[in-house]
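Order of writing sets the labels: A, B, C and D. Residues in every chain begin at 1.
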Amino acid sequence: MKPKPFKIETYNGDSRYVKETSTGHIWHRCQHRTLYADTDRSSVVYHSNYLRYFEQGRATLMRDNLYPYYDIEKSGYVYPIIDIGIKYYRPLHYDDLMWIHTRPDKIERVKLQFKYIITHVESKDIVCIGYTQHCASNTSGIPVAIDPKTVELWKNFPINIK
Amino acid sequence: MKPKPFKIETYNGDSRYVKETSTGHIWHRCQHRTLYADTDRSSVVYHSNYLRYFEQGRATLMRDNLYPYYDIEKSGYVYPIIDIGIKYYRPLHYDDLMWIHTRPDKIERVKLQFKYIITHVESKDIVCIGYTQHCASNTSGIPVAIDPKTVELWKNFPINIK
Amino acid sequence: MKPKPFKIETYNGDSRYVKETSTGHIWHRCQHRTLYADTDRSSVVYHSNYLRYFEQGRATLMRDNLYPYYDIEKSGYVYPIIDIGIKYYRPLHYDDLMWIHTRPDKIERVKLQFKYIITHVESKDIVCIGYTQHCASNTSGIPVAIDPKTVELWKNFPINIK
Amino acid sequence: MKPKPFKIETYNGDSRYVKETSTGHIWHRCQHRTLYADTDRSSVVYHSNYLRYFEQGRATLMRDNLYPYYDIEKSGYVYPIIDIGIKYYRPLHYDDLMWIHTRPDKIERVKLQFKYIITHVESKDIVCIGYTQHCASNTSGIPVAIDPKTVELWKNFPINIK
């Protein structure tokens, strides 16, 4: 039931990215600390708040690659979420520091998937692994092909990361 | 520091309204139960969630008076919040049932205030007392006079409650 | 990509339960209305808030079956979530009324799964379908066999529903 | 209705603190960026989320002064919130960067107050001004005198800031 340890090495000397040793996958990462507001009466982070951390990871990955989600929306696209999944391995407590690792996972014509691994900074334990799948739509909500800039950016990830 | 007990009597045989004995004020009320999601690691409801309960009280009062907030927005107005205050007297725990009491408090030309008293159903204790002040705006965000239907509705409250 | 319509019929004249025509499954259900607080700038409910609605469905199912989750915790068990998944089919907007349908799905020795279908009351559209998987633990966080009362309750669902 | 501009200067060459020109007050500050999750259908941050930002400001101030709130709780005290107030001057939108300014305001025997000013990084506009008042309690919830280390820390603020 326990996932294999998430073994990583530095990548290109850029602290915002790491290379997963076993797969060679490159992950973007950013740090975040839990708030009292995130916890529930069992003293751990309430399960839905990890989706908020995923958003933060995804938004930071996009901004660090010079194409923030806000700009995608300004260009006439929206990427609503159509599918999510999370497996939880150990809880985060109040004031815990986490790494949020994010990578683009699958790109289809109208669909785009990101994968996430959250780890506990101190113990390096995997906290949870999840994904969000998005469907490209125009502002009327009609599914459309993913915008070319996004395709270009994530299809070649991590070749052209900034 | 403790507030005076919130003594109420029935009003017009309508279970959605009560009359405060000491002031004669009429309050709308609705019941709500806390979720695990609302609590924090100290086992009580996190303080910001009471603003969510206030929204529920306000929305229910407006709907019960046949002028739901959605309809106000459809008519070209928005009522963003410009001032809030809450005094907390005792906490709510997981699975606690509360009464959310709401009443329109002050109406000025462009401003509207609602007052709230949340009580613990079982003990009748006052949990918190608060207010939200709203500023009428058009959809461009420019402050404007409150719409006539809203003025009419709350100025005469509770004369014409439905 | 669209799910098959969720066709249901009444069950035992109890408005809290419905029978799914195609599978014969019995679902508990309760109504809930979205708040402004639930929406995001795309005008629809933010995706993580459906987990909150699922909690409400699950808690109401448990209370309606005379074994509220609070009592489970008092008896020395906790049921933290270890796996979730949601597929989204159409959004909910502000002030929309939904049905939250919940049923116990799978019971293993230490794991328990609930399934959820949220529908839009007015259109009867399926909004999303999801599950939460829980792992029975004692208060020290050690996985243990599910408590006998819970096993009894859900294994025979809906035979002994109250 | 508009507040006076929040004019500040650097303080001791420490980027975590600023001096308010008009009052001489020293404020701790940290940056934070809004998420999609924080916004509502009117496209701006939902009013209750500013209490979350306040928590982040307060927690960061306490950690930067080497007495994180977690340590206060470990030492047998809790500081539940008994009173809050916020005045809102302009909204924050999605992806906006803010400064959260925090300072200890009033210290009484059992009560402690923090004050907050959130500004929009780009325009320097004041977004909101608020306070939270906390009541020192032991773990049984009985009000007690504020712990000596906290008194020492905030009474002399900013003399001994770290």
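In this text, a contact is a pair of C-beta atoms (placed from the backbone, for glycine too) under 8 Å apart; a residue touches a chain by one contact, two chains touch by 3 or more.
This one's a predicted model, so the numbers in the text were calculated from it and none came from an experiment.
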| item | value |
| --- | --- |
| Winner on C-beta contact pairs when C-D is weighed against A-C | A-C |
| Chain centre separation in whole Å, for subunit C relative to subunit A (CA means) | 27 |
| Cα-centroid distance, subunit C relative to subunit D, in whole angstrom | 38 |
| Multi-partner residues of subunit A (each touching 2 or more other chains) | 36-37, 42, 44, 48, 51-52, 94 |
| Chain-level touch network, classified as line, ring, star, complete or other | complete |
| Subunit C partner contacts - residues on subunit B that touch it in the complex | 33, 35-37, 51-52, 55-56, 59, 68-70, 94-95 |
| Contact set on subunit A toward subunit B in their complex | 36-37, 39-44, 46, 48, 93-94 |
| Interface residues, subunit D side, partner subunit B - complex | 42, 44, 47-49, 51-52, 78, 80-89, 91, 132 |
